[in-house]
C-alpha cells in the first residue's frame, strides 16, 4: 500500500513489521470473533510470543524499546488492518507498558531510585508479557476530568466504589488501571489511578461487552463495590476538573495511538474494495469495475481522505514525540493544551476520514458489502467506535479545540463550577 | 413531531394513522427480530388485520383506496419509525397491490376487459390480504435495466433460470414477481416480469438473509433452476437496456415509497436522542444535556437535514402523483427521465440526511448508543441499507442524474453496447 | 428549466411571468452595475411600469393582488436569475407593500376603520408604484431582537438616533422603515418601526454601499442624528428581546422571500455552465465537455443541491402561507417559533446549496469563470451575501434552531439578561 | 501562530523568516493593489533587495541555497498571509530559479559541462535577481499534457504561435518560459519549453489581467504570433500526451509550492477573525464574541481544517524532497505518478480547507467581512483561485487520482487518442 505511514525509529520499524505479520493472521479470525462476540484471546497469546505486546518495554527487559508515540500509532494502524478489536485491545496494554517504562526511565534519569527500583521489578514481567494490563477510564455520562469513581481512604489503603464502562481488554486482564477521584485535605478531590489485580474482592468484571462493533475487544463494564486496594497501588494526581501535567503524556500516548486503529480500518476497507473492483465485472459490460469513472471518482475521494488522515496522524504523532524526548518536568500546561488541541483535531480528521472511506467502499460494493458475510459490514460497525474510544467525547472536543484555539481556558465551565463547589460549606 | 409529513388525500390520511398505531407496537419487537434475524411475521398478521397491507387496494375490494405515491411514502416513513424491516417488507407488498390496482383501473377506464376482469379476480384476494406478494428485481452486480435472469420459451410457457438477491418479504411470500429478460423475435431481449407462486418447482427461496441491518425483512436470495411458469403469468415489457414507459409508474411507486423508510429511521433516531438529552445529566453538572450548546448545535444540524429530506420527499412524491393522475398512454419517455431524475436526487438527499441524522444522534449519545442494547445501534445499521434498497445503485445514480440534467441520453453506454451486440452475428 | 418552482396562485403566476421577462432584460446590465457599483435604478423604473413592484398591492389599487409568500419567493428567485441586486432591492419594496396590504386587509376584516382608511390612502400610491420603500433593520454587531437605534419621545413625536447598515434600496427610497426601540412606561423598551420620508432632516443616507457582491442593490448605511419624526409615523411593537406575534408575519414574508434570491443565483450559475459544457470542447478531444464523466458528476451534485433547495423553499413557503390565511390574532408564539425554525432551516439549506452550486459551476468553468468578465465571478460574490441578508445571523441561527428543536426557550440568554437588567436600579 | 509549518533546512528557515518580514509589510498594500488591479511591483523590488527572490539560487551566486520544495512551500505560505498575489507571483519566479539551479547542479554532478557552464552564466543574474522570470503554461480549455501552442522549426530556430493565459508575473517579466509542442520526426509532437525574452517581436503581453481575485499578480494573457526564437532557447521534452520524467521535478516544485499560498490565505483569515472576536462585543451582551459557543465551534472547525491542510502540505512536501535528493535519472514513471497522486490529493485537501476556513471566518464576521473594506472580502476572492492555479484542473484531478489509485494508466483516454491519431494518415 503506497503512501502508508512508516515508523520513524528502528525499534518502531520492527514493531510495525511484527504488526503486519500478525494482521495477516488475525484477519482470518476477525469475522468469527465479531459474530460470536468473543474476546481475541488467541491473538494475545500470539502477540505475547512474538514480542509485539512488549514492544514498549526496554530492550534489556525483553521489549523492543519503542518509545515513539508516532511509531506505536503506526503499528496499531497495521494491526487494525487485520482486526480492529485486537488493535484496540493490544493498544490498551502496550500503552500501559509505555507508561511504566516512561516512569522508570525518568526515575533512572533523575535518580529517583524508589521509582526506578519499584517499576524495575514490574518491567521484567511486562517485558516477557506475563501480565496483561487493562484500563478503566470511561464512565457513563461523566466528564473525563471529573471521574465519579471514588477512592475513600481507610486503614492501609482505600476503598473503591464506582462503575466503569468500555474497559477494553478487561476480559483477560491481570490488572486494571482505574481512573478515579480521591478526597484531599481541603475538602476537594484529586484525580488519580489505582492498580487493581485480577480477582480483587469487590471488583466485578462483568463480561457483558456487547456492542455493534469492536466485538472482540472484551470492553466490559467493571464495577467496584467497597473494593479495598493498598495505598502503594494508588497514585494521586492533579485536582479533578483539569488535565495536570504529571502523567499527561501517558494518557496521550495510550489514547493517541488508538486513533491509528481507525486509519487501519479505513485502509483495510480501501484494500478490500480496490481488489474487488479490479476483478469484478458488471454484466453485460466486459470491463472491470475499476474502469468505470464512477469507481475512479469514489477511489479518488477515498485517497484524498486517507492522505489527510495519514498526514495529520503522522505530524501530530511527531509533535508528541518531541515532547516525549523531554523530561516531564519541562512540560507546561500550555504544552499540554497545544498537544491536546492537535490530538483532538487529528482525532476528528482521522475519524471523519475513516468513516468516509468505509462508506465509499460500501457504496462501491453495490450491496454485497451490506451482507454480514462481508468484511465491509464489520468495518462499518467497527469504524463508528472511533469517536467514543478515548477522551474527549465528540461533543466536548469542539468546545475544547475552539476555546484553546481562541486562547481561552478550555475548562472555564468546570472551573467556575469548582469555584462554586469549593466555596460551598 | 412537528413539521412531519402529512398525507394529501383522505385515504392516505387513514393509512398514515394506521401506520402510526402499528409503529408504536412494532417498536417493542424490533430489537428482538434484529437480534434473532427473524422475519417480522406477526407484524404482517397485524397489518393484514388492520387493513394497512390492503391500503392500495380499491375500497370496493376491501382496501383503503390509497392511490397517492406521496401518501404511501408518508405511511411507510411512519412504519419505519417503529421498525425499518417491517416498513420495507410492507412496502414491497403494498407497492405490488398498487400496481395491480393501477392496471385494473386503467383496464376499466380504457374498456380493456381482459385486464379489468383478470385483475378483478385477483383484487379481492389482495383487498383481504389473503396473499403476500414479494418482488425479485436485484441481481448481484448486473445493471437494473439489464437483468441476467432469463425466461426461455417452452411449450405453454417459459422456463426460468437466474439468481435474485434482496428479495424482501420472500420469507412468507405467496407469490414472487420476478424481473427478467425474454428473447424476442429479432434476436434481442425484452425485459419482463413473471409471477411465480410459492412452492413452484425449481424456485428456491433460500432463507439465507443475513445482513448487518434490516434483519427482520426476510430479504432472501431466490434462485430459479429450470423453473416452469405458464405463459399467462409472464408479462413482456420494453427491450432491455432502457426504462420503458409501460409499467414504469409501478416501478416508481413501489420503489419511491421505500425512500420514506429512511426518513422514518432518521425521525426515530431524532426522537430517541431528543428524549435522552432532555432528561440526562452529565455529572457534576446539574443541567440536562439539552442545555449544552454542543447539544443544541447537533440538534440544529439534525433539523436542517430532516427539513431538506422531508421537503424533497414530499415535492417529488407530489410530482409522481401528478403523473399518476394521467393514463399511462400519456407518459412520455421524457416524463420518465424527469421523474427518475428527481426521484434519484431525492433518494440521495434523504439517504444522506438520514445517515447524517443517525450519526449525530450517536454522537449525542456519548457512547451509550454504540451498545447493542441501544436502538441507535440498530438504526445505524438499518439506515445504511438506503442506498442499496432500490434502483439506481449509488454509482449509477450520479451518472443518470448528470446525463439527464445535461440533456443527454441517460443510457448512452448501454445503447452503444446494444448497437454493438445487435450488430454482432 | 425543468423542476423549477411554480407559483401556487393565479396572481402569483402572473408575478412570476413578469419576473421572468424582466430577468432576461436585467441580465444584460447586471455586469455593468456590478463593475460600476451603481444602483439598478432603470430596472426599478421598468418594474414600476410593468406592475411587478406593485405585485403585492390589492388589485383594486392597481396591484396584482399577490398574497402568497411562496409565490413572492418564487418571483424573487426568477428576478435573481437575471440580477441578484435587483432581486433583493425589489424584494425590500415588495415586502413592504405586502405588509401595508396585509394590515389594510385585516383592518377591513376586523372593521378597524382607522387602519383600513389610513392605509387605504397609502395603497393607491403603492399600487401605482409612485413611492419606493426601503427598510433599515440591520446594525453592526447587535442582536436582531435588540436594536440599538432609539426613538426618544419629544413633543409631537420622537427623535431618532442610530446607525443602520445594509439598508437595501435606500439609494432611491422615498421612505425608509426603521426598526428601533422606544422607551416604555416601565423603564424598559419596546421594539417598533418608524416611517421616515426621504429628505428628513437628520437622516443621512450615506451612499456608501461598497461590498464584494450585490453591488447594484444600493444597500447604504443610514444614519440618524436627532432626527424628528411625528408620532403618527411610529408604531411600537413587542418588548425588545423577543419576537412578538404582532407584525411577525410581515418580518417573515419580507425576509423569507429574500432566500429565493439565492436559489435564483444558483439556477443562473447552473444554466450558464450547462450551456457552456454542452458546446465547449477541450482540445485535442472532439466531444463536448458535457460528455465527460467528471462534468456529469458535478452536474449531478448541482441537481441534488437544487432539488433540496427548491423543495425546502417551497414547503416552508407553503407553511407560511397557511398562517397568512388566518388573522394575526390567531398566531401564537409557538406558531412563530415553529415557522421561524423552518425558515431558518430553509435559509441554511438554500444558502449552502446555492454556494455549492456556484462553486461547482466555477470548477466546471476551468478557470474562465474566475475572470471578471465571467458571470460566474459575479455570482460567486453575490451568493455569499445569503447568510447575512436577513435575520438570523449564521451564528445565531444554529442556536435558535437547536433550542426550539429541543423545546427550549429560544432566547434564554437574552431573557436572563432582560430579567437582570430590569431588576437593576 | 501555533502549529504553523516550519522549514526543515537552515536555508529554508532563513527564507521563511524573510517571507514573514515581507508579509507584514505587503499586507499594508494588498488592499490597494486589489482595488486598483495593479501589479505588486514595489513588492518585487523589496524581495530583490532582501534576497528572497533569489532564495533558490546557489549561495555562491548570491542566493540562499534553498533546495527543499517543502521549505519553499512554507515560505510561499508566509508571503500569502500578507498578500496572496505577491505570493503566487514570487513563486513563479522562485520556482524558475529552482529549476535552473537544479539543472546546473545535475550538470555539475554528471560532468555535463554544456549544461553547467551554460546555466552557470545565467545563475549570477538570478542570484542577484537582475531578471524576473514568468511562465506561460495554461491555455484556455486544453489539457495540460496537450499544449496547443506550437513551435514550428525554421532556419536557426522556431516560430511560435499560440495564446497563453494566467501568465502570472508577466507584467514585469524579463523572460517568459513557454510550454508548447514541437513537431518531431515521426509526425508526432514533443512537448517542450521555449525561453522568450521581453520585447521579442511577435510576443504580446496583453496586460489584460482582470479577475475576481489575485488581482495584483499580473497574470496576463501572452499571445505569440509568428514569434521567432533561436534554437538554443528551445528545450524539447517528452512526447505530448504524458508527463515525462525529465523536468518533471521542476514542474512539481514550481507548482507545488503554489499550494502553500492558499494555506497562507486561510491562516490570514483565521488570524484576522480571531483577533476580531477576542475584542468585539455584541450589544447588549458584555462578553466578547470569543466567549460565545457558536464562535468556539466555528473556530474548532477552522482549526481542524488547518490541521489537515498543514499536515498534508508538509508530508507531501517531504516526499517530493526525498526525490529531489536523487538524480533525475533515478526517477521512474511510477515515482512521478505516485508523487503526482499525493500532490493532487494535497492540493484538494488544502484548497477545500482554505475555502472552508475563509467561509467560516466570514460567517463569524457577521456581515462586516462582506464589505469591500474588509480583508476577508479579498481573501474570499483570492482563495477561489486555488483550484485553477496549477495543473491539474479540478475535473482532471479526480480522474487522475482515481486511476493511479487503482493502478490504471492515468492517461488512458489520451493514449488511446494518441494511438488513433498516430495511426491516422
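Chains: A, B, C and D, in written order; residue numbering restarts at 1 for each.
In this text, a contact is a pair of C-beta atoms (placed from the backbone, for glycine too) under 8 Å apart; a residue touches a chain by one contact, two chains touch by 3 or more.
These numbers come from a predicted model, not from an experiment.
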Pair joined by more contacting C-beta pairs (A-C or A-B): A-B
Furthest chain, CA centroid comparison against subunit B: D
Between subunit B and subunit A, distance of the C-alpha-averaged centres to the nearest whole Å: 41
Centre-to-centre distance between subunit C and subunit A (centres being mean Cα positions), rounded to whole Å: 51
Per-residue multi-chain contacts in subunit B, two or more chains: 293-295, 297-298, 398-399
Partner subunit C, residues of subunit A touching it in the complex: 293-294, 297
Subunit A partner contacts - residues on subunit B that touch it in the complex: 138, 140-143, 146, 148, 165-166, 210-213, 280-285, 292-295, 297-298, 355, 359, 362-364, 366-368, 370-373, 377, 380-381, 384-385, 387-388, 393-396, 398-399, 413, 417, 421
Subunit B residues within the subunit C interface of the complex: 2-3, 274, 277-278, 290-291, 293, 295-304, 307-308, 310-312, 314-316, 338, 341-342, 345-346, 348-349, 397-403, 405-408
